[in-house]
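In the part that follows, the structures are each spelled out as structure tokens.
In what follows, subunit A forms one complex with subunit B and a second complex with subunit C.
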Partner chain A sequence: MLLLQLLINGIQVGALYGLTAVGFSLIFGSTKIFHFAHGSAFAIAAYVFYYLYSVTAAHWLVAALAAAVAAVLFGILLDRLVYAPIQRHEGSFFTVFVASFGVGIVVQNVLGMVFGRSFVAVSTPLSRSVEIFSGVFVSPLAGIAILCVALFFGGLQLFLMRTHIGMALRALSENTELVRVFGLRPRQLSTYAFALGSLLVVPAAILTAAGSGINPAIGHHVMLISLAATIVGGVGSLRGAACAGLLLGLAENLALWVFEPQWSEAVTFIVLFLFILFRPSGFFGRAVTS
Partner chain B sequence: MVFFKHSFLAALLGVALSFGTAAQAQEVRIGAVFPMSGPNASYGDIFGSGANLAAEHVNADKMLSGKLSIQYEDSQALPQQGVIGMNKLVNVEKVPYVLSAFTGVSKAISTVAQRTKTVAVNGGGVGPDMAELGPYFWNVIPLANFEVRAMIPYLVKERGLKRVVLVYVDDPLGQAIRKELESALPATGGQLVEALSVPNTAQQFSGIAARVRDAKPDAVYIASYGSQQLQIIKQFRDNGVTQQLASYSAFSVPEINAFPEAKGALYTTQNVDWTSKDPVTKRFVDDYKAKHNKLPSAYIANYYNAVRLFALLAKDLQKKGKPITGENLLAQRIETKTFDLVGGKTSFEANGTVIAPIQVNEVDGKGGKAVTVAHAK
Partner chain C sequence: MLAYVLNLATLICINAILAITLNFIMGYAGIFSIAHAIFFGVGAYTAAFLAVSAGASIFVTVPVAMAVAGVLSLALALPALRVRGEYFVAASLGLQVIGVTIFSEWKSVTGGIGGVIGIPPIEVMGHALADPIEFLAVALLCLIAIIAVIHVLVGSSFGRNLKAIRDSESASLAFGKNVAVIKTLSVVLSASLAAVAGALYAYYLSFINVERFMRDTSVLIMAMVIIGGTGTLLGPIVGAALLMLLPGVLRYLPFLPQTEIGSIQQIAYGLAMVLLMIYRPGGIVGATGGEKK
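Moving on to the complex of A and B:
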């Protein structure tokens, strides 16, 4: 029973990791910007939802829409006001990373000042588990998390495959110069990538605020998982990032069956290390040839 | 011309020196290394509220010939950051007395305190080995071994909760609590059925909740701190852990006391009677309530006491015409023996740790209430 419980928990946690990782992978894959502040978009969405739903008692749909607007706006503004000027001055990959890291720290502190630096959680009966059979507890949030992954990932795939912007984004991840030759503007496409990537963290942020609670520093953990999932899944592969997120969530939880909880986070990095060692291109990444 | 130039420079130097001396006489500065950012920042706010109130009272009473001020440095509750802050306070600010918090940080800065003969005073960390950090490291809080020794007999004998699971952060404090539970539980007829260690960065506890349920305990003892302990409580309650929760003084923060999922949780703190007529306690409680519109917690009282202790010692040193140095403060503490602090007359053990009774509190989800008192020395 413990194993089954851990499996169910792993799928729920992995679904949230997958959603977050897909957003980061989309941005990193198409723009090559190491968007460390992706975790900040997550934290902003979570706090906006928490404030509107729990503090002002707004309808959950209004709160969710506001959280989405806040995350998308944050992504777009960051791209336009921080990354674009750095890239215009031909700033290196490292310069962009440092800027993004700095924004992450600033957002963490601003959230701390506005909402307090302690833990907050959205109180909802949906997070309370019920015993479905002897010793196995499942909360409605687990079902919602899996549904969200299916909806958002399916929607994203459709968008990327069927729309002009989607196809342009895919092209951007392949060859920026060629995109320019075809008369498209990589800068504008980059903004679309940030908007979409930031939107993808919103369901995970809301479900995390309700399921495990949040604090201003939560962005770091989100970023760590997103990065690991992107590498394990194969850089640029959205399908890979989603599968890797699920794998990491499962590994983290199933490790508890054998090991002390102390080791469950380390398992994430053991998986990452093994992939780097034996399959550096990840699940679905392309093999790098010289 | 040269004579005038030299005279003018000498006069300027004289004026500057006299201003410097006057400025020194006007201010008596101590330091504090508290977490002011990161997941444990809320503790820094809580600790600072007690320390600042004490400084206000000391200055209002003109206890010292000079205004008492506190220079804060951010430790983020991390040992490395704590040492950076401590080095700045000791080497740049030249403070003789530093307030410290968190077991890891306190242990890390204690070596600097011993080397530079600067008094470091802990009012928040409760790792039992903090009693052995040398003569310049003092504790104005009873340590966790006393808290566990008070909680276990209450759980086992009063509540009949014999099977206990421990969920602890794998750091010196958590390990000390585990060691204490391993000896205290069998001695009172209880049993530690499982001890689950978690990293202090962990945020997912649904899987650990499954392990806890699987062990079928009567009570779950949580030895964590900061945001993490709230996440543990929420996720345990959400994931079917309905057993009695218990902890140490880390639970004595407003967030826990107002947290609906924590309702009914038990935790230990030193015994402070907030309704006491003792003038120091009454003034502290009244002024804190007037300022913050709520009752203070034991942590706040501890840091109030830490600053008040400094003022009492410094006052005696100033009366004797001695400089306020770490060495003199230590000598004066040994000489004075008892102090009028919040909670009544207080004395220290030879190792610099305060002697205080312990009480068991119960979270009511609104602000907390004491349900019983167990004394331990």
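Moving on to the complex of A and C:
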């Protein structure tokens, strides 16, 4: 029974990891920007939702929309104000990474100062778990999480396959120079990528806030997982990122079956570490060593 | 006041050692590790464990700490040989998480969350260095020795090989350089010198626990190197001094809420990292732009 419970928890958590990872992978794959502050978009969305829904008692739809606006705005502003100037002069991988990391530190501490450093949870009518059969508890959020992931991932695939912007984004991930030759502007496309990628964290952020709760450091934790998922899934493969997110969520929860809970995060990174050592290109990735 | 200044100076020395050793792999070998606090921790725990349980002298604890950190650093060298850039950053972050878990769970050696207490002061020829001034002298001596070692290494053919690998791995391979050995050596060296800082730290505080070796510390060391200037000799020292002085300065600004000093400090260096990367990626000491790949 414990195994089944862990399996269900793993799928629920993993689905949300997958969605966040897809957002990161989309941004990283198309713009080559190592957007470490992606986790901050997650934290911002989660806290906006928490504040509006729990503190000011707004309607959940209003709160969710505001969270989405906040995350997208954060992504676009970051792209325009931080990444664009860096890319204008040299923009080596590390310069971008450090700047992005700096943003992550600032956001985490500002959130901590405004909302306090402890865990907060949004309690919704859907948060309570029900016993589906003896000893296995599932909250309706698990179903919603899986539904959301399917919906958003499907939507994203449709967008990338069918619309002009989507096709341009895919082209950007293949060859930036060629995109420019065709008269498209990579900078403008990069804004779209950031908007889309940041939008994808919103459902995950809201469901996490309503489920296990959030603290200002959650952005960092989520970022580590998305980074791990992106690499395990193979850089540039959205499908890979989604699968790997699911896998890491499962690994983290199934680890509880064998190890003590303190080890669950380490298990995730041991998986990552092994992948980097033995299969750096991930599940579906192109070979991208060194 | 004197005690405060001495304490700050000692901590600057210890952190400068960490920043210099990290800069050695970051600035010269192009290995961007976010796991430096792990080797700092390995040094501290090894020295503390030997000093407390075996009563070993500093002439035993420091070399053993260096050796242990050096061997464990192979865990970092391994991914560094396989992948570069973002992949390596991810691997080192992973190593940091795994390391902290081990620090807090291997209770028989590290004392778990509670840490190791009652580490005896450094004893040299029957004389215990209990006076903070004497300790500062030891820390300063270590700092100078490590600066000298790094300076000589960077100027030697080994240092030139490292820079060649940083700028183009395939070119140096084509010139017949043994890239794998050179990279591994640089990581081992950096880790074992960082362990010296760890041992000093353990002796200085006579108490260590896992909280001091978490990701925040790794990030702080990285920030010191970056803000000071990667790939320069003076940069990490300047960065270490600046970031260690920052909390003290903030405390004297009356309009800041005192309970939030920690957060404000982190916001300050986070912002500094962002702004420097936009306007001056070489750091305070470094050349404007250029130099890096």
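Heads up, the rule we're going with is that the second predicted complex is superposed on the first by the 287 of 290 C-alpha atoms of A that agree within 3 Å, B and C clash if a C-alpha of one lies under 4 Å from a C-alpha of the other, contacts with A are read in each partner's own complex, and residues count from 1 in each chain.
By definition in this document, a contact is a pair of C-beta atoms (placed from the backbone, for glycine too) under 8 Å apart; a residue touches a chain by one contact, two chains touch by 3 or more.
Fair warning: this is a prediction, and the values are worked out from it, not measured in the lab.
A.B. asks: Using the overlay on subunit A, decide if subunit B and subunit C clash or can fit next to each other.
C.D. replies: clash
A.B. asks: Determine, under the contact definition given at the top, whether A:135 touches first (subunit B), second (subunit C), both, or neither.
C.D. replies: The answer is first: A:135 touches subunit B but not subunit C.
A.B. asks: Looking at the overlay, does A:147 come into contact with subunit B only (first), subunit C only (second), both, or neither?
C.D. replies: In the superposition, A:147 contacts neither subunit B nor subunit C.
A.B. asks: After superposition on the shared chain, which partner residues are touched by A:89: those of subunit B (first), subunit C (second), both, or neither?
C.D. replies: In the superposed model, A:89 contacts subunit C only, not subunit B.
A.B. asks: Just checking: does A:114 make contact with subunit B only, subunit C only, both, or neither of them? Give me first, second, both or neither.
C.D. replies: It touches nothing on subunit B or subunit C.
A.B. asks: When the two structures are overlaid on chain A, which partner does A:252 contact: first (subunit B), second (subunit C), both, or neither?
C.D. replies: first
A.B. asks: Quick check for you: in the superposed arrangement, does A:265 touch first (subunit B), second (subunit C), both or neither?
C.D. replies: both
A.B. asks: Does the superposition put A:158 against subunit B (first), subunit C (second), both, or neither?
C.D. replies: In the superposition, A:158 contacts neither subunit B nor subunit C.
A.B. asks: Thinking of the overlay built on chain A, is A:276 touched by subunit B (first), by subunit C (second), by both, or by neither?
C.D. replies: So A:276 only meets subunit C here.
A.B. asks: So which subunit C segment collides with subunit B once the two are superposed: 56-64, 146-154 or 200-208?
C.D. replies: That would be 200-208, the one stretch with clashes.
A.B. asks: Please report the subunit A residues shared by its interface with subunit B and its interface with subunit C.
C.D. replies: Common to the two interfaces on subunit A: residues 108-109, 112, 260, 262, 265.
A.B. asks: Using the touch definition from the top, list the residues of subunit A that touch subunit C in their complex.
C.D. replies: Those in contact with subunit C are residues 28, 34, 82, 85-86, 89-90, 92-99, 101-106, 108-110, 112-113, 220, 224, 227-228, 231, 235, 260, 262-263, 265-266, 268-270, 272-273, 276-277, 280, 288-290.
A.B. asks: Report the residues of subunit B in contact with subunit A in the complex, numbered from low to high.
C.D. replies: 37-39, 41-42, 45, 167, 170, 196-199, 201-208, 210-211, 213-214, 226-228, 230-231, 234-235, 237-240, 253, 255, 260
A.B. asks: Would you pull the subunit C residues touching subunit A in the complex into a rising list?
C.D. replies: Residue list for subunit C touching subunit A: 32, 78-79, 82-87, 89-91, 93-95, 97-98, 101-102, 104-105, 169, 215, 219, 222, 226, 260, 263-264, 266-267, 269-274, 277-278, 281, 289, 292-293.
A.B. asks: Under the stated contact criterion, what part of subunit A meets subunit B in this complex?
C.D. replies: 1-2, 5-6, 9-10, 12-13, 108-109, 112, 116-119, 121, 123, 127-129, 131, 135, 137, 139, 211-213, 215-218, 221, 252-253, 256, 260-262, 264-265
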